[in-house]
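After this come two complexes, each holding chain A, first together with chain B and then together with chain C.
Showing the complex of A and B:
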């Protein structure tokens, strides 16, 4: 008997072993719960993970948001009802954060409400343009795809430190500025430039991911539909607006929702790059939650939990609206 | 008026020379079918005419004007794609009017044309549906309608029926032929199905490996194939080929021998025959005289007798094992294992030389008209 034969036989034997064990277990379970409920049985591993790491933390968060003090263990925490939420909403004038008892919450909220739309629009716009370029028959397409995807694989800390090194007062960018005779700018010290670079760096770091998704979407559009449009005298602009965009819409929706959720979650890059500064100019919601819950003494778990639940609820509502609108548009 | 002329049109993709150089004239109003095996360059040739690919060299003229460097949209040609290539997000009406909106046609005129095309193709009740809500045949009609609304000089069809089931294919075949009669435009139709070619074409262009093997009317190709390839490709079931050598050549006859078959004396109908020359005799399955038992013809053994009711296809094997097919109208009495004696119907056989070229028959010695019946005698 040849070696390969022996190896393959052994392999086959090993592979059939679990089958021999699993088969009786499965048929036992099936007899116990009935074939209709078997899908649930198969979902158990996945459901367990979701319960343990997603649903349970949410429930724990609800509990913490309804209790007070800086104690960590649940049994030590006194019940305060909705007081944490009242504190967050305690304002004389909702348009002026400084009249609120938790003015940083409102500033972080305002920053997030500015940051997210701007960043998402820039992200999708740039990712779409990049994907459109990469979808053409250009030289070194694979190389460029790699180049744009590369930042996605970097650790956020590396991204932030790299850009800090570029943007700081005596950093690389100012080096170039002074080399060509321009005045160096202290990019991260002024609120507006710090905000601009926050958007820029986060877009730079994540754009490749959405580019790849959009590129896959573009490549799923049949080539002969474009050829038909070409025979139909469609200009490039008409092809883009009347063929590409409508056919890309399901993918754009996915990209929109993913990038929006990701944008609301922005924390690590900016925490290292700007630390939320100058002042609180680039402090977003997640950083506020982190600081109030873990960084500032005494640690206010209840308030942090309440803020994060509000944020989660807002995201949920927004995604639901988006899905509803797009479904209606698709059916209409 | 739309006369299409191809002058030495060549196309290569990188190092692959798909079309070495095609010369072809297509007259106004003709229904021309490009036929050939898969990968022979039919689609490529059609896409060159459409302007979806650029020629590597050569010239394409429509009504005497070179369109080689004219964009696809401005050539006055419309294409029906094999996959239909409908715009999936648009309704049928939008699919039909998109091309007209692109050239900024007036609304009333667009409505008129869409309505007319829809009426012609009987898709009026489908106008508000999306392509995914249509059957294959309906999609096919919409794709043709989209071409019609543009009122092109030349219609191009790339295997438009290959995604339909057999029954629908026959219906659409007839419908496209009727459409051609009504519209009278020049139409170029690509297919690998020689039945479509035979039934629809005014003129068939047989392609192999990017080279035109023969151009002619369907029955012209059937009766006078220029070479063994065309002879084998046109006609279904396929022509039988018996390879062998020429023995004695006398004034009126010659003998043809094949190692496994007895010599056969055939009337000599051409001057260019030499003793010892390698040739093959081509006989269509319906052009065989068949008798049971021994005789002066070729002895073959029946391996399968396919009885279709109105027709019988008798698959035989020669003494060396090579197949030979006999087509007989009506039902046949032969059975598996029977020995049959076959010989070609006089003047209904073809002679090809070693390179596959037809050995021409001298003038006055044309093929006999096809006989209509060759029952077992």
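Showing the complex of A and C:
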């Protein structure tokens, strides 16, 4: 027997060792639970992880939402049933937050329902335009890709502080305004301008991530489809609407879902930039939950848990609608 | 040879055993503190450790925000340090350790008197000694004297009202082209000074929130100052929720004539303003109720979950001695809280003459503080009230609420907080 042969046989023997050890165990398990239940056996590790780190926290959250006091340990928390939900829904007119017992919850909900669609549409629109530009043969393409992606690498705190420095009364932007003879504007003092800059800053900070995903999607579209369209003298708009957009739809769906989830989760940038102000003009749901659960004392864990579960339920409905729509689109 | 190596091994073994037993029996406690507090306490702790063999103290530097937001969660879960310098004195009272069996209670009562009540939270009548006030802070106003001189406006004298200060600073701002007359940190604690001087009680003797005409008057005045441009909207107008915000840079850049902050900003005044312009700390502006500002500051407290209560007690008792507190107060350039130091005075060799004058002015405000200010400072739900004040007043400034609605909301917010804490 040659040396090479011996080595390869030894290697094979070593590699098959785990299989030879596991095989009798697996056969035993299969005999015990039956072949139909074997998939569950293989899923147990993942299911355990999901149970421990996703489902259990949700169940704990449900428990907290049904209990009161500012105590942390479950055994110290008295049962209050649905009182936290009653408090949140205690309104004379749901369209007027000032008639609600917890008016800030409804203001935050209203702000979130306004912020998310505007921010997601702006985010996807600008990211798509940027990706289309960066997909063309332009000089310094690599540099510009880096430039647009750069804000994604910054800490949200850095992003917020930088923009605060730019937008504050005596900030850089007003410095430029003064230099060119324009009147300075106190951008963060007025609800409308503060809201505009909240959308702008969050789009600026995260756009690069979605641009890269869309760029990858654009580059995956076969060149020959475009060449065929060119031979048929199709206009740029027609190429975009009839080729690019349809072929990009799966990637756009991913971007839409990711950006919407991120948008609903928006907290850190705005917490530092505006603190939810002016008044409550930029207070979103996550900040509300954070404030009542952690920042304001005594900590109202029960109310925070109830509010977060309602937010989770709303997200679940949105995701279900998206999945339904995407499946319908896929099925033609 | 063999005997020698045996002897050497035995000696090494004994040494290692001694070292091991030393470390095994050393009682170490961990203390959370802020930047300067840690450095100053370390110097005194070195002496303490030398005088108390087997006891050691480990200081952990943590941010103010971590003390406010993360520490309570740690304490609730039975974790966290053995002691800490905290500022939410009444709010954390249920986690405090009673160190009365490890310290001289009579000395503590005599030295720190009324401020010990702040640490007793819901049980102000108890005899527990939970810690000691580390240093006292006092809210107060800083004025830019250079701007007053340039404007030729006389500086209001002691006893001047808030209205007189608003009037005088507005004249100065108009004459010198300064952007704003007055500004105040976005803090419920700072606003409480204005409110109590206008007759607000904020909390009654039984620990119930009070929303009264004094508070209404203060809110009305405060809103008016923002609407008429006496105060900038950047702090109370632009920020929402319970966020604390200050804009000291406005005073530093002479964009505001009077800045209402507190004694803790003195080092910043010394370090950053220096000789750029003349400034001074003013006596507490008066309102219809009193001429008061709010007391504040941190307290060094022990926590009940500690495994070494005797070390915590010994350390707090040691630090409380006037000679040690004198060193702390002098190094940190702070206002003393202990009776002995208040009576004897403290030298501040590192502070400028102007800072020393400012400290004297701050210290002079202490006897003038209204009982409501002391009561509010030790109230367990003080933070709930302060958060409600900042949130709701900001909403009024942005036309989200009327003043009447804001006052109702303040009362409702605090009552809901009290109910939530009780689990009802």
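Throughout what follows, the second predicted complex is superposed on the first by the 279 of 332 C-alpha atoms of A that agree within 3 Å, B and C clash if a C-alpha of one lies under 4 Å from a C-alpha of the other, contacts with A are read in each partner's own complex, and residues count from 1 in each chain.
Heads up, the rule we're going with is that a contact is a pair of C-beta atoms (placed from the backbone, for glycine too) under 8 Å apart; a residue touches a chain by one contact, two chains touch by 3 or more.
Source: prediction; values computed, not measured.
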Superposition on chain A - do chain B and chain C clash or fit: fit
Chain B versus chain C as contact partner of A:80, first or second or both or neither: second
Chain B versus chain C as contact partner of A:312, first or second or both or neither: neither
Which of chain B and chain C A:242 touches, first, second, both or neither: first
Touched partner set for A:278, first chain B, second chain C, both or neither: second
Chain A: partner with more touched residues, chain B or chain C: C
Partner chain in contact with A:227 - chain B first, chain C second, else both or neither: first
Touched partner set for A:299, first chain B, second chain C, both or neither: second
CA minimum distance (chain B, chain C), superposed complexes, angstrom: 49
Chain B and chain C contact sites that coincide on chain A, given as residue numbers: none
Complex contacts: residues of chain B adjacent to chain A: 50, 52, 72-74, 77-79, 81, 83, 85-89, 98-99, 102-103, 146, 150
Chain C-facing residues of chain A, complex: 67-73, 77-78, 80, 87, 98, 101, 103-104, 107, 168-170, 186, 188-189, 191, 194, 271, 274-283, 287, 291, 294-300, 302-303
Chain B contact footprint on chain A (complex, rising order): 222, 224-225, 227-235, 238, 242-243, 246-247
Partner chain A, residues of chain C touching it in the complex: 69, 72-73, 76-77, 88, 91, 232-234, 237-243, 245, 253, 255, 381, 383-384, 387, 391, 394-395, 397-401, 405, 409, 412, 416-418, 420-424
